[in-house]
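Taking it in order: structure first as structure tokens, then the write-up.
First chain written, first letter: the chains are A, B, C and D, and each begins at residue 1.
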Amino acid sequence: MVTMLSLPFVAVVILVCMSLAAMLFKRNMIKIVMAVHVMGSAVNLFLISLGYREGGVAPIFTNSPGGVMVLPAPQALTLTSIVINIAVVALMLSFAVSLYRRYGTMDTRKMRLKG
Amino acid sequence: MMEHAPALVIAFPLFAAFASHLIGRLGSRIRDIWVFASLLLTWLFAVFLNLEVMQRGTYAYTLGADISSLASPAGFPVRIVLVIDGMSALIAFMAVSVTLASFIYSRRFMERVSGGGESADRYCSLVLLFLAGMLGMGLTGDFFTLFVFLEMTSISSASLVAFFRKGSSFEAAFKYMIISAINALFLLFGIGMIYSQYGLLNMAAIANEMVLNFSFLDKVALSLIVSAILLKLGSVPVHMWKVDVYQKVPSSVAVMCITSSLVGIYVLSRILFSVFFSMSALTGWMIVCLGSLSIIVGVSMALPQKDLKRMIAYASIAEIGYVMLGIGTGLAGMSSTFGTVALSGGVFHIINDALDLGLMFLIAGAVFYATGKTGISKLGGIAHRSASLSVLFIIGMLAVSGIPPFNGFVSKLIMYESVFCLNPVLSVIGILGSILMLSVFVKVFASVFLGSPYKGKFREIPLSMTAVMWIFALLIILLGLFPGLALDGLVSPAVEALLGHGIYMGVII
Amino acid sequence: MIMKVLLAMVVPVAGILIGLLYKGIDRILAARMQGRVGPPLVQPLRDVRKLLVKENIVPDDAVGWLFSSMPFVALVSVMAILLYLPLGITPVLEGYGDLILVLYLLIIPSLALVLGGFASSSPYASVGGQREMVKMMSYEFPLAIAVISVAWLLYSSGAENVFSLSVISGTHVWGLAGIPGLAGLAVIFLCMLFVIPGELGRIPFDVSEADSEIAGGIFAEYSGRNLALFYLADAVKAVAIASLAVALFLPYTVSGIFGLGGAAAPAADFLFHLLKVFFVLFVSSTVVRVVTGRLAISRVVSVYWKYPVILSFLGLLLIMGGTLI
Amino acid sequence: MISTGMGSWSPLVFLICVAFISVVVQIIRSLGEGGFRKEEDKAEAFFSGGRLLIKNRVMDVYWGFFDAMGRYYGWMKRMHNGIVNDYVYWFVLLVTVVIGVVILL
């Protein structure tokens, strides 16, 4: 039974599966970084839809029109998580670029540390 | 001032991290003094936390509240709460002590290997950030802060892994970053699942809710969180990233990396003991199985390695396996005597692990400092050049493989004599692991230290590095000869804190 | 207390004499089995005396301090083991150390051999050192299973302090196990007997000395008093490992049977213990070394890690099953 | 002195005994000849009667062990191939197994 409210969760599952598939099967480092970012967005979507209440307003008490409010904590969490995600992806991209400069390849199968 | 020690112990290194970059402009000497002073101050705060816990028992600290001990003014916790008990205070103390030692060691080390200047500034701030992350993970009482600090340690340590700016160090850093991003996202996913049911993020409050109804979704969340943390601490079968990282990270940071995976062990046991304690039998067996697997795989993969640091990294996977063996048995036999004994062995092994493997990595760093090499087959005959280094190595070797009368033996003895009650095969695996561990390090000793005298250029090892290594060695001997010191003073409060989930919930609710 | 201190002084020295005595007996028995007359009983003692008057050469390239300290460490550690073992009488250091400690202390003399070999900078010695280490890794597995199985049997029968050696030697393990457990225990006892020649480095497991291939291996560069100390350590180790096997599997005493009391009881038990030790060594070391040849090093690993491990795991399973029934 | 309920261990008593035994062993040791007369070639490492041409390097340690465990190590080498995709694969496998175990049991 897919209602409008559970639609985001379906999207989350699809996004997570997509990103995992990319991480498992894509050899290009940039694509793996993209997969990480997609997964981060999926988790953010998950958090934000947890706090959503149908017909709710923004959780600001001052001048509030009354009625249901969406939960404030997930929004704070998501904001933090977005920032962290950006930092992580930026760092990963910089590693990938430096790695490309040294190894001359983007292929994860050409890695040298093994055994 | 001192009542805010739990917050300050995290905040101070965080502040010092960013300030050290600015202060670095004034000169490297001033910066070193600044970093050293701030580490010393943090260390004093950590010591104070331990003393406070001994007096007051478990207590909570609410960030930003008027009355810091009042965690839940409305019946449920509203702010970020730090919980200080025997275990978290011990972990905080260990993290700061190791960082302090590593910083003293690293001054001359980094000067030689990276040339000081701007990069030394970066090094200092990253190390302090790393420390702040570990402390945060150790002291936090809620899940989301845990996630934030986890990311903080990941980002700062990944930058440290790439510190030498070689191709292979970027490779290790890239792998590490992918792994830690996945790890953090799975953790966050699990946290979200719990939040969706209870609307809470505080661990103790969630545990309190879970006593009444433990749902299917909780089980999924438990699995996600536990596997994420297992990835973080590098248990088999998700240990591969760890060897790459330890091989490429500067030796002084490798010591901290060991501590950070021990913090991971702490987080794992905190979650399993204090939050999901109703599943303890099952999770305990899971940890025990993965721990024994880690021992076997870690030690057997260490044997054929050709790089000194990579080899010690595999050995550290096995040592983490021992800790998991002890803690898992403690979980599976939660109400029995042998469970408590095994848990104390595991917690004691956390301390020993940091000391023994820490010493090993420091020695590997000293060898690298002196010769510029870490490949085992390229070295040889160092004992002719530096007897002190080889004596240190022998001490570390015997301690890691648990030969009496060193500290590793005590914790392993405690574990063998308790985990066999759960299943005798576990003790057999432990004993086998420790003889294989011995052969790993005998191989290193034979090929790096013995043989005909070393011919190449051998740089004299500076006093600051030797001193730190000897401090580690003396602590190893001290804890070996007087295990009661650690067992009574540090381990037993920690064990009580882990087992007393009622008290843990009580300070919040 | 005074008695204990006295014993602590006498036992290690007595261990050396017993070890040398058995070395003499071993050589005579082996010679008889091969149709020779063999040396006199005191020959090992004479060997030691002769070694002591020889020059003590330290090779140029050797790491001197390590090279000369390792024989010392080997003998000291192996003599210390005797203090923790029940030699017919309760262990001298009862309550200060247990079975696991003995297991780990038994590693030290072999480790000293290995390090000494590596330190002597001879290619033969380092090959010998590697082989010794590989051998150690190999036999430790079945040995650990044997030790833990006995402890587990005691634990499941409700005993306390099951790793204490006086408890182990005070309990008759064969009476505790059920029928399947009995079979399991027998298998494990066999494995233990199989471990002893490996632990002592006797044929077929003398891969680390192997005179004909690697010229004495670890001992290639040792001479004089250093070699004498290794020789003594080897003699004492035989007593120690056999005493461990006796304490685990043949813990019977005679003083009760003959109704002895006073000072005669421990003396009789001690002599009976020596008899058992000599028997165990005869079966597992002397006979085996006469009738077999040396194994290749990679065979040593598989010989220990295949059949004894499978068998002793089987034995452990049988014991565990036996206690469940 | 620690006691685990199943056994006990006292490092200090051990040290005292070791100290005493060391004295005994030192006495035995001192009965022997201390040094040796320096002569040509005497302290040279033995090498089948000839001069040791190749200086000693410890290489290929534990050959026998790896030879006997060849199949295990072959399998392990394939597992540790250093490809980041496979690291993720192991993690996904772990998550699946853990979820399965936790839910089913």
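As a convention for this text, contacts are C-beta pairs under 8 Å (C-beta built on N, C-alpha and C of every residue); 3 or more make two chains touch, one makes a residue touch a chain.
These numbers come from a predicted model, not from an experiment.
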Touch-network distance, chain A to chain C, counted in steps: 2
Remotest chain, chain A as reference, centres from CA atoms: C
Distance between the centres, which are taken as Cα means, of chain D and chain B, whole angstrom: 24
Rounded Å distance, chain C centre to chain D centre (Cα mean): 20
Averaged-CA centre spacing for the pair chain C and chain B, given as whole angstrom: 39
Between chain A and chain D, centroid-to-centroid distance (C-alpha), Å: 46
Set of chain C residues in contact with two or more other chains: 61, 98, 100-101, 118, 121, 126, 130, 133-134, 137, 151, 155, 163
Of all residues in chain D, the ones touching two or more other chains: 1, 4-7, 9, 14, 55-56, 58, 61-62, 65, 69, 80, 82, 84, 88
Residues of chain A touching at least two other chains: 23, 32, 111-113, 115
All pairs of touching chains, each written as two labels joined by a dash: A-B, A-D, B-C, B-D, C-D
Chain C partner contacts - residues on chain D that touch it in the complex: 1, 4-10, 13-14, 17-18, 20-22, 24-26, 28-29, 31-37, 42-48, 52, 54-56, 58, 61-65, 67-69
For the chain D and chain B complex, residues of the former touching the latter: 1-2, 4-7, 9, 11-12, 14-15, 55-59, 61-62, 65-66, 69, 72-73, 76, 80, 82, 84, 86-88, 90-91, 93-95, 98-99, 101-103, 105
Of chain A, residues touching chain D in the complex: 20, 23-27, 32, 108-109, 111-115
Chain B-touching residues of chain C, taken from the complex the two chains share: 61, 63, 65-66, 98, 100-101, 103-105, 107-108, 111, 114-115, 118-119, 121, 126, 129-130, 133-134, 136-137, 140-141, 144-145, 147-149, 151-152, 155, 163, 313, 316, 320
Touching residues (chain side chain B, partner chain D) in the complex: 174-175, 178-179, 182-183, 186, 216, 219-220, 222-224, 226-227, 230-231, 237-238, 240-241, 243-244, 279, 282-283, 286, 297, 300-301, 303-304, 337-338, 341, 345, 377, 380, 404-405, 409-410, 413-414, 417-418, 421, 439, 443, 446-447, 450-452, 480-484, 487
